[in-house]
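Labels for the chains are A, B and C, by order of writing; each one numbers its residues from 1.
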């Protein structure tokens, strides 16, 4: 038998240490140095880039970027979980009470697999495809095969914007596959020759092919000139007029430096 | 028509061996595939550098720190609760409705799907208690998840300690609590550690709970209230978004290797402990 | 000293109640948040309604209940035969040295995270299904197969334990009477171990129904009731995970309500397992 059992003592010491260290970090001064941006997965990569650059300029500052979708971000701002909500759709109803700042323009690109012979599509056909009325590529004059339609989840700003711009109050078919981020949609379309989906223009890369909508390709120039039909604004949403850290970051994003960074990454600046 | 039993035996045995071979093959294949694709990624840079370009390049250091932080918080919260519960169940009560209730509670808690824990943790810790997406929210949610495992294994370990030890202590006039801390607990320690180690393995691999309570920030967390992404969450996001397959495999490899090492440790602890008392 | 002992006992009781306390907290929370919407929509409308459009006020989870059930059934169809075969071989026919290596290995494999299974499903299984069987690949079939593999370690190890618990005496008696090994297993060991094996299967079922991440990655998450195994499905768990982040008000209550349904299904399964196991 043992004489003295040191373990309980050690365990409580460990607890004590951990608690002390955590308290020492403190929450008070953490909050003034931490900014949480939550929301749109379309905006997320750009917010990350901006955050990276801004944090290099202001050391000691921490910017956390979370995803979750536009609605999640707006809700997070309403409930105080985030200071800035990133949205890729317009505010509705109750949300209009929040303060919004446009940070960029972006388009919604309809994408297919690079091997798909389709290059151009009309809004009506697009609507019929996503409503589930057209189910086969043969209807578009291509080799007969089932269409695999991919959409975003209901809380996605990209989906809401797509519904407003394309669907004209028709509902997206319940048989469409659902993924919870732009990247996920792109991944699926990139590997499935019979898939069709929509993502943010800024996230299109060589893995997928963006279709021209009624003859207009989703290029930066076309979006700027308002020729491309599926454009929407990227918003930074705050509870009220941004103050402190949020205000500084918003100012940075809207500054020439921030805007040039966004344009380099594939968005359209607000100027 | 009755088949010759020996023939049936041979047929059935071959079929069963084939199926077994298939099962083992599939399971081993999973580990080998990830290891082969992921191990080449592991390097000093990969493990100890920051995440860059949303995960396309750079290392996974923030995720290692987050995972460690979350697991530590979960253990600090769940171990005292779990071991204390087990001590109470084995030492202080007889089988009655209280013990059955507590055990039922632990069993049910073990069966709660991780997404419900995530939902609960999100609404309670992140929103209602205003902790936000943080190590604290994630750690507390994970603690609830591993509590049943710790209770169950600690109880088994404590039960395995021979009653003679305690009887001798009582006959010498030693108080109950002293007996427990100085005799029973040290003897049961390897078994208890097994449960704790197994829980570490579970906590490391958990994604649903952590994603919704600790968030997915790319930065290294430096306080309880910072958000951070664990290795499992990072892997999920890398894989889902197709950001970098090599990095995804690398993260998966580290994840699997850590969990396997942890489980092997738990297993050897348990066998050695059982040998002592069987 | 006695008061100190009494205090310690009370303190430990408090700790012990933590487990039941957390469970109670979660259950009460979920029911409080979710019950109102079930009552408002009507229980039958909620469970048997096929239209889920929460932002427009439609809360029918039939498609998801069916998907969860189909996926679990599929997982059992794929997993249980393989698991039982493996368990029978390892418990009865394999040399002890082989079992000593394989059983722990299989138990170790239970620790592989679900996201890894999901990932391998997406990278290896889904393209195969898409090229050779048709459909988008992200389907009921893919989810069922992946879940079937995921529950293998659980079902195998518990079944082996159940069969090992059958006394050697039974087997020896049977062989002495001239039965072959397989006849012994089929007519003696399996029936004797039946409750343990059923427990194993039910626990596997519980794991399959509660799985979220792997299913989100391979099932496609479409909202309709599946009509073929190549159709995309959305389980109850996937539904909660996809909408959790942005749901508010009635929508969030509906997710909690989905959680209630899930909870109840799993409680029924767990209770059944405990009852059957206790009946030994």
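The working rule: a residue touches a chain if its C-beta (ideal position, glycine included) is under 8 Å from a C-beta of that chain, and two chains touch if they have at least 3 such contacts.
Remember, predicted model here, so these are calculated numbers, not experimental data.
The minimum number of touch steps separating subunit B from subunit C is 1.
Using mean Cα coordinates as chain centres, the one most removed from subunit B is A.
For chain pairs A-B and A-C, the one joined by more C-beta pairs in contact is A-B. With each centre defined as the average position of its C-alpha atoms, the distance from subunit B to subunit C rounds to 17 Å. The centroid of the Cα atoms in subunit A and the matching centroid in subunit C are 33 Å apart.
Along subunit B, residues 80, 240 each make contact with two or more other chains.
Among the residues of subunit C, those touching two or more other chains are numbered 245. For subunit A, the set of residues that touch two or more other chains is empty.
Across the complex, subunit C is touched by residues 68-75, 78, 146, 148, 153-155, 171, 173-180, 188, 191-192, 194-195 of subunit A. Considering their complex, residues 53-55, 63, 127, 130, 134-138, 216, 220-224, 231-232, 234, 242-243, 245-248 of subunit C touch subunit A.
Interface of subunit A with subunit B (complex): residues 1-5, 7-8, 11, 14-15, 18, 22, 25-27, 30, 34, 36, 38, 45, 48, 62-67, 79-82, 181, 183-184, 186-187, 190, 207. Subunit C meets subunit B in the complex at residues 1, 4-5, 8-9, 11-13, 15-24, 26, 29-30, 33, 81-83, 85-86, 88-90, 93, 102, 104-109, 111-120, 122, 124, 149, 152-153, 156, 179-183, 206, 209-213, 217, 237, 240-241, 244-245, 252, 255-256, 259, 262-263, 266-267, 269-270, 274. By the touch criterion stated above, subunit B contacts subunit C in their complex at residues 5-6, 8-9, 12-13, 15-17, 19-20, 22-24, 26-28, 30-31, 33-34, 80-82, 84-85, 87-89, 92, 101-102, 104-109, 111-120, 122-124, 144, 147-148, 151, 175-177, 201-202, 204-208, 212, 232, 235-236, 239-240, 248, 252, 255-256, 259-260, 262-264, 267.
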